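In what follows, chain A forms one complex with chain B and a second complex with chain C.
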Partner chain A sequence: MQRIEGVSKLVGRERYVDDLDLGEHLWGATVRSPVPRGRVTDLRFSAEVDWSEFTIVVHTDVPGDNTVFLLEADQPVLVAEEIRHIHEPIVLLAHPSRDAVRRAAKQVDVGVDPADPYFDFRAAPTAGQLQRGDDNVLKRLEINKGDVGAALAAAAHVVEGVYETGAQEHVYLETQGMVAWVEDGVVCIKGSMQCPYYVAKAAERALGLDREHLRVMHAPTGGGFGGKEEFPSIIAIHTALLAMKSGQTVKMIYERTEDMAATTKRHPSRVRHRTGLDGDGCLLAQDIEVILDGGAYQTLSPVVLSRAIIHAAGPYTCDNVRIVGKAMLTNSVPYGAFRGFGAPQSQFANERHMDVVAGRLSLDPVEFRRRNLIKDGDCTATGQVIDDGTDRVGVMELALARADYFDRRAEHRNFNAQHAYLRRGLGLATFFHGAGFTGAGEVHLASRVMVAGLPDGRVEVLTSSTEMGQGSRTVLTQIAAQRLGYAPVDIVIVDPDTHRVPDSGPTVASRTSMVVGRILDDACAALRQRLGDAELRGDALRAAIAAWHRENPGGRLSAEASYRPPPGVQWDEENYRGEAYGAFAWAAYVAEVEVDLRTYTVRCIGFRAVQEIGRVLNETLARGQIQGGVVQGIGWALLEECMLHEGAMVNNQLTNYVIPTSADVPPIDVIFLENPYEEGALGAKGIGELPLDGPAPALANAVADALGVEPNVIPMTPERMMDLIEGTATHD
Partner chain B sequence: MTDSRIEISFTLNRRPVTLRVDPRSRLLDLLRYDLGLPGTKEGCGEGECGACTVHLDGVPVNSCLVPAWQVRDRAVLTIEDTAEAAVERMLDAGTTQCGACTPGVVMTARWLEANPRLLERFSARHLMAGNLCRCTGYDGIIDGIEIPVPDREEA
Partner chain C sequence: MRVDLATSFEEALRIKAERSDVVPVAGGTDLLVHWPDAHALQERDWLDLSALTELSHIHFEPDTVVLGALATYWDVIQDQRFRALPLLPAAAATVGSLQIQTRGTWAGNIANASPAADGVPALMVYDAEVQLASTSGRRSVPLADFYHGYKQLEARPEELIESIRVPLRPHDFENFTKVGSRAAQAITKVGMAVAHSAAGWRIVANSMAPTVRRCRTLERLVESGGTVDSPDGLLSAIRADVNPIDDIRSTAAYRERVFSRLLYQTLLPACSSFS
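On to the complex of A and B.
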């Protein structure tokens, strides 16, 4: 099936938030903190501006709690006194002219009494930098399996390594944007977002409104990648505050520079490994420490840390595992959700480390993985028994075959021996990604989906799942059409609107097809039940729906279903033991690189991505998810460096924050293996985030293969490569 | 207050237009906010991403970098000029995901398709490098372009 809104996007008809025809309205802008830590002493409004033309909002204008509620109420809507990071919002302005409001925002001076900021999450804070407890640890989590200490003591080999990853900016092509207005006493918010109910819950609390007086609507969203998971709550509340104070419709659209400087990024990480092996190269013990920079507020860091540690030991069999995770509170702009959600960081470290371990043991990395990849009947670090029947070694062997791995490597040896300045290499990564919320998360979400039969026989699907490019509209249409025996054109996906659709949970965690799709499947069954015949499909169903409406004029023929946990899934949140995810997708990626010793540039010249994802629901969309994710991963590994100064990105432009162009990447060869997952919609497992986990370690392993160096820090920019190759230390 | 705006005439999507423009305004804003053609998107505002690509006298330009008055007596073609039938191949190839870069991508692709000899000298991957996309990884974009000559792209 073709993408439902595809033509509309291809001919420029899709209307994003900045494209909406609002008539007369105001433009909003934000005045932000000039320092990373301190106290606001005064606000000075320049005499050169006629402020009577402006709507001005400060923290005392927040009618409810001055907090952007998510996990913890620690982040203010607007700074009252204490500044915890640079670019923190302090004053909001609105004016009919976009240019005037943007100019005026620069005419408000924030007076500050500065304090000592804490930036390097890898080092302990000094006494003057303490801001949480006695160590600035925001969240600490631990996984324990077996006896790591005893196993390390008894191991034939112990191999250690330290691995670091940098921040990454989402670069959704549409920046953050929101409009708000007040209509019949209801505050209405519409904009670019992944999770309308997250926005609604945060806005209700900050604006002091109940659900009936706050309505949140999703506008077509130009990319999210996690960057529109929690952040939109902030801009939504800001826009609503300006609309409530001015009584007019207000639009806030961040400029690219503001978006890059002031919004969330992928968490920087440092991971330490200490690994014990027996004489045959089999894993005996994995001792792992994962540290994340959480930034200045909690946002979703505890949950990102959770996913990071659960994936940190990789898809391997090992009886003794200890994983300690810490997220640090610093004075950097808060880090937040980004596609992969901690797993790319911890699996970069683990997959890179597995090659380092194989090298120390003089084992081929492929042979090392053949011996250690998890087999059915073995259990993960949390004690989850894997028995899905997927041949994980087979997934790897297929990737190697697609890459012509052994022959190509021999060719590269020859090439490298002869070429004056180019060096080629191949690298492998084998990894996994758990789809859906972790542990009991889906049970707590208790997601709901509604379907309704319309008088003309068509069926409406009501969910809060948002289309942001990943194809959820199309896939949900396909699922409903297939279950009801309908043509896709007779399925109507309702635009997410908190006054119309039930809460199906957030559009995150690779959960929409697998989890929400499954609930939709149940809702379709409930609709047939309501009509008294569980077998009704196609024309018979249409006729039954039309007949119901003739008998119940003006009635609503709806049916609803809620999340049902897969049988046998137990999670012990206290001890981090049990079934962390209903299902894992399994993958093996092979990257081929060419390093130029003159410029220290690493180019990816070939990429193979093999994954087992349950069932492919839509080949074009699924392939697009993998290819796009892989290229984001290539960018993170090779090009994308957030240059941080005072805790914020200073290369906050697309001119000097470089994401891959079409000329920077090769075609991405994508192969799907199918092993249907019974509890997923039509057998599907989640795939949205999986492709972020593999590219970085595969590329680093390929660079190691090409040069015989150990690239354990990404991004592998020319500066870092020069230090690695020449033994210099110009780059931190 | 004196009106500092300049009156200009140009051809917009094959029709003549005459209007007054602020000398500081960008072609992008003129199209989006004054002429009701919001199909053209702003991605970065500094000519890096290509989301705002339109054709000026048949050549793709970043409309965020073009002062509106410079289109005087010239021909501007925007995404709104694109026929549905012309995007069928792109629809099947997965050229669009979130759609924010898409209008710019389509306008550059239309330029390539109108000038196929370019593809004899350069690969589609190089010719499309002025349009950033964060969703597709570019295979869907390259596959969506009708390439009439053997693509000399290297593996």
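On to the complex of A and C.
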């Protein structure tokens, strides 16, 4: 089935938030902190501006709690006094002219008494840099299995390694944007977002409104990748504050430079591994420390850390595992959700480390994985028994076969011996990704989906799941159509609006098709039940719906379902033990690289992505998810470097923060293996984030293969590669 | 902000003579970047040259090619006659994207004076001359002498670029290399153009100094047949010619090392003094 809104996007007919026809309205702008840490002493409004033309909002104008509520109420809507990062919002302005408001924002001078900021999350803070407890640790988590100390002591080999990953910017094509207005006493917010109910919950608290008086609507969203998971709450509250104070419709659209400098990024990480092995190269112990830079506020860091540590030991069998995770509070712009949510960082480290370990043991990385990949009946680091019947070694062997791995490697050896300055190599990564919320997360969410039969026989689907380019609208249509025996055109997906749709949870964590799709499936069953015949399909169903409306004129024929946890899933949040996820998708990626020793540039010249994902619901969309994710992973591994100064990105333009173009990526060979997952919609497991986990380690392993160096830090920019190859130290 | 739409080049020159601080605009691909925040530029007066079809010509004369000030990269890419000067279409094809290539002009590239410009080294390596015009007359300046420092041009405030003249000489060696941060749509981090003709060797570097620069020490080294047996053997000459910096796109150390390696590998097959 074709993407429902595909043509309207293709021809430019889709109306994003910046395209909405608002009539007369004001433009909003934000005055931000000039320093990473300190106290606001005064605000000086330049005499050159006629401020009477402007709506001005400061922290005392926040009617509710001055907090952007998510996990913890630590982040203010607007700085009252204490500044915790550069670019922190302090004053909001609105004016009928976009140009005037932008210029005026530069005419507000923020006086500050600066304090000593803490940036390097890898080093302990000094006394003057303490801002949380006695160590600036935002969150500490631990997983323990077996006895790591004893196993390391008894191991034939112990191999250590340290791995680092940098921040990554989402580069959604559409920057953050929101409009707000007040209508009949209801504050209405509409804009670019992944999670309308996150925005609603945060806005209710900050604006001091109840659900009846706050309405949040999703506008077509031009890419999210996690960047529109929690951040939109901030711009939504800001826009609403300006609308409430001015009484007019207000629109706020971030410029690219502002968006890149002031909004969330992927958490930078450093991971240490100490691994014990027996004489046959089998894993005996994995001792792992994962540290994330959380940035200045908590945002979602504890949850990102959780996913990072759960994936940190990779898809291997090992009886003794200790994983300690820490997210540090620093004075950098807060890091937040980004596709993969911590798993790409910890699996980069693990997959790179597995090659390092194999190398130390003089084992082929393939053979090493054959011996250690998790088998049915074995359990993960949290003690979750894996028994889904997937042949994980087979997934790897297929990827190797597609890449013609062994022959190509031999060819590359010859090529490398002869060429003056080009070197080629192949790298493998085997990995997994748990879909849906971690542990009891889905139970706490208690997501709901509603369907309704319309008088003309069509069926309406009401969820809070948002379309942001990933195709959820199409897949949800497909699931409903298939269940009800309808043509897709007879399924109407209602635009998410907190006054119309139930809370189906956020559109994150690769959960929409798998989890929300499954609830939709149940809701469809409930609708048929309500009509008294669980077998009703197609024309018969349509006729029954029309008949119901004739008998109940003006009535609403709706049915609802909510999340049912899969049987046997137990999670001990206290001790981090049990079933971390209902299901894991399994994958093996092979990357082929060519390194130019003149320019130290790494080019990806071949890519194979094999994954077992339960069931493919829509081949084109699924392939698009994998290819797009792989490209985003290639960018993170090779090109994308957030240059940080005072905790914020200073290469905050698309010219200087480079993401891959089509010329930077090879054709990506995508293979799906299907082993249906009973509890997912039509057998599907989540796939959205999986493809971010594999490319970086596969590429780093390929570079190691090509050059015999150990690239353990990404991005592998030419400048960093030069230092690694030449032994120079010119780049941080 | 005021925009004057010149209807003839002579009128443009008159406007420029009367108000020398007007900003000439050709393709606008440099000027309009970061437009919403370019408050200072928005307050200037503008002189739009884009309607002056008399400036979009490309003439092949017996020993010279004349590129009018509105000639674009695309004009050169799709004109087969430029096989005689292959580095021009080669450089043009690395500029931005197709959209930029069809709007961006060679003269705009020169006047914008970016050290990272890609059109400029290709022109400079062929000994191009810049034809300047004002109401008081016309003059010709070798492109290699056109820059005095970062964004400092030889042109006087009342002058406009009318055309660019490129000598047509047979070359037995030509190379254009651009190292950007990715394979397309990238600003040059290290770049060079190298050519050899009866006039001798020409070596031009971009992103290696405050301006695109002709590297005369390197040229003399190659011309003299001094032996070079490794990329490092070029370093002292490179240091005499250019002085790269650390900036947001790369580092001085990277630029110098990569330039030496690229130049060495480029000249190795062409120069018997290289081993």
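Note that in this section the second predicted complex is superposed on the first by the 732 of 732 C-alpha atoms of A that agree within 3 Å, B and C clash if a C-alpha of one lies under 4 Å from a C-alpha of the other, contacts with A are read in each partner's own complex, and residues count from 1 in each chain.
Methods note: a contact is a pair of C-beta atoms (placed from the backbone, for glycine too) under 8 Å apart; a residue touches a chain by one contact, two chains touch by 3 or more.
Please read these numbers as outputs of a predicted model, since none were measured by experiment.
Looking at the shared chain after the overlay, A:411 reaches neither chain B nor chain C. Of the two partner chains, chain C is the only one touched by A:102; chain B is not. In the superposition on chain A, A:471 makes contact with chain B only, while chain C stays out of contact range.
Contacts of A:255 after superposition on the shared chain: both chain B and chain C are touched.
When both complexes are overlaid on chain A, the residue A:650 reaches chain C alone and has no touch with chain B.
In the superposition on chain A, A:661 makes contact with both chain B and chain C. In the superposition on chain A, A:14 contacts chain B only, with no contact to chain C. In the superposed pair of complexes, A:621 makes contact with chain B only, with no contact to chain C. Annotation: chain A residues 255, 653, 655, 660-664 touch chain B in one complex and chain C in the other. Within the complex, the chain B residues that touch chain A are 32, 36, 38-46, 48-49, 51, 78-80, 82-84, 87, 90-103, 106, 124-126, 128-142, 155.
Interface of chain A with chain C (complex): residues 98-99, 102-103, 255, 257, 420-421, 597-601, 603, 639, 643, 650-651, 653, 655-656, 658, 660-664, 717-719, 722, 726, 728, 730-731. Those residues of chain A whose C-beta lies close enough to touch chain B in the complex are 2-3, 5-16, 18-19, 21, 170-174, 220-225, 255-256, 468-471, 605-606, 620-621, 623-624, 626-632, 653-655, 659-668.
By the touch criterion stated above, chain C contacts chain A in their complex at residues 33-34, 36-37, 39, 179, 181-187, 189-190, 248-251, 253-254, 257-258, 261-262, 265.
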